[in-house]
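By letter and in written order, the chains are A, B, C and D; residue numbering begins at 1 in each of them.
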Amino acid sequence: MDAMMMGAMSKDMMSMPDMADMDMAMMQECMDACSACEQACTICSMQMMSCAPACMNCADMCNTMMRAMMRMQGMTKPVMMSMLDACIAMCQMCMDACMEHADHSEICKMCAQSCKACMDACSKMRDAMMATA
Amino acid sequence: MDAMMMGAMSKDMMSMPDMADMDMAMMQECMDACSACEQACTICSMQMMSCAPACMNCADMCNTMMRAMMRMQGMTKPVMMSMLDACIAMCQMCMDACMEHADHSEICKMCAQSCKACMDACSKMRDAMMATA
Amino acid sequence: MDAMMMGAMSKDMMSMPDMADMDMAMMQECMDACSACEQACTICSMQMMSCAPACMNCADMCNTMMRAMMRMQGMTKPVMMSMLDACIAMCQMCMDACMEHADHSEICKMCAQSCKACMDACSKMRDAMMATA
Amino acid sequence: MDAMMMGAMSKDMMSMPDMADMDMAMMQECMDACSACEQACTICSMQMMSCAPACMNCADMCNTMMRAMMRMQGMTKPVMMSMLDACIAMCQMCMDACMEHADHSEICKMCAQSCKACMDACSKMRDAMMATA
């Protein structure tokens, strides 16, 4: 995301009682990883390979996850952690499905990498929230 | 959802090894509850009350949940249960936020009811999946 | 959509200067047709036939269209008509793509019917808005 | 979007009869503008100012637009142009709504800029498609 927009959004978020201890750089990284994963999955699903249904589910979940991070006013830490768990599980499953074609399809390989990056970013967020919950 | 479409979809789903024991009537009920909750939350968010951010998050999560149930080819039971958990947590949170205005706003009251119905339908699905996992 | 929710939403909408002359029954019919079309297209895309990319585009457009009708506070008639045009064009294209398989696939046949119904409901809305623009 | 992913996607797209003459750099710019606009609008809507309903509509339309460009297999040029028209109209309306608060809100100012950038990128795409239609 745009750095200036992130800055303005962070200022708003810092004033929320539950969110003052949130690491904003980590959160931005996570939103960017969700956005990149939605895009990679959407493109990958167009190949109509066996991973396509997982890719479509993963694209929707990543978009929902990204938006939820932009709307922390409508979140609590426990709900956030539950959504991160779902997003991590979805990304893992999609990555596994894409890895089966990684040798034959450059797009699947890149999609699997995006899923891995999103999974890692969400796990990092989850661990940080857990530590301060 | 349309009964004939549900019938045609069920036939496809029954041929998936993991899904043969799925209760299709229960699943249809859950998809319909997700769809109704997305709609109620979208309308409720327009009131610009304090529940609006939760309503927006809940609308997106419910849509993603509904679509995932229509794309079980791209799902496993554990991922599905993780998403159901997230949807249940989100609906609960949104219901609580809307209940604070239920005395003043007819829309909030109805939105809270939709959230409750969606939460219950997802919990039922989750319990059934757990039992056969 | 739930009739009581529609009633509550209509009351809010009637107070908008631009929307007082909107036919709410027609609008509800259109939102329901968009919702049904999103669902049919999502299911149809799982067949991985040649219509799948059109179905995915159509599902997203119909969801966006439905939500926009629930958020008329963030709309003007000209923007609404432009979005209805896009939705009509998308539904027409998806219907054509599905009709090519209607003899072989019950799901494609039903999806084409949902696209047709959505196209017709959007056209009706568009004509009504044009008449009062 | 990631440059390597765009490269891989372009190769697929070039093989479509209708899309061989598409300017891929222009398209990537447009997808990125849609993605940035969805994010800005989602954040801006959290301010619960009068532009919020327009921002929510714009976020959904921009996401649908971006995805449609990633799924050109399910598009024709006329449908694409119709969707670009709708997206341009929506961005224009949202920009106008946000500009009313640009003096008071840094977020509204940035959101209006994102809407403008998306509007311009979509217009460029539309003109290019028109020229080759």
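For this structure, a couple of remarks:
Just so it is clear, a contact is a pair of C-beta atoms (placed from the backbone, for glycine too) under 8 Å apart; a residue touches a chain by one contact, two chains touch by 3 or more.
Please read these numbers as outputs of a predicted model, since none were measured by experiment.
In summary, the interface at B-C recurs among the listed pairs A-C, A-D or A-B; the equivalent pair, sharing over half of its contacts by residue number, is A-D.
When the interfaces B-D and A-D are ranked by C-beta pairs in contact, the top one is A-D. Chain centres here are Cα averages; for chain B and chain D they lie 29 Å apart.
Separating the centre of chain A from that of chain D, both taken as means of CA atoms, is a distance of 21 Å.
Multi-chain contact residues, meaning those touching two or more other chains, occur in chain A at positions 46, 52-53, 56, 63, 67, 71, 73. Residues of chain C touching chain D in their complex: 51-58, 60-61, 63-64, 67-68, 71-76, 78-79, 82-83, 85-86, 89-90, 92-94, 97. Within the complex, the chain D residues that touch chain B are 45-46, 48, 52-53, 56. Residue ranges on chain A touching chain D, taken from their complex, read 1-2, 4-5, 8-9, 12, 31, 35-36, 39-40, 42-43, 46-47, 59, 63, 66-67, 70-71, 73, 106-107, 110, 114.
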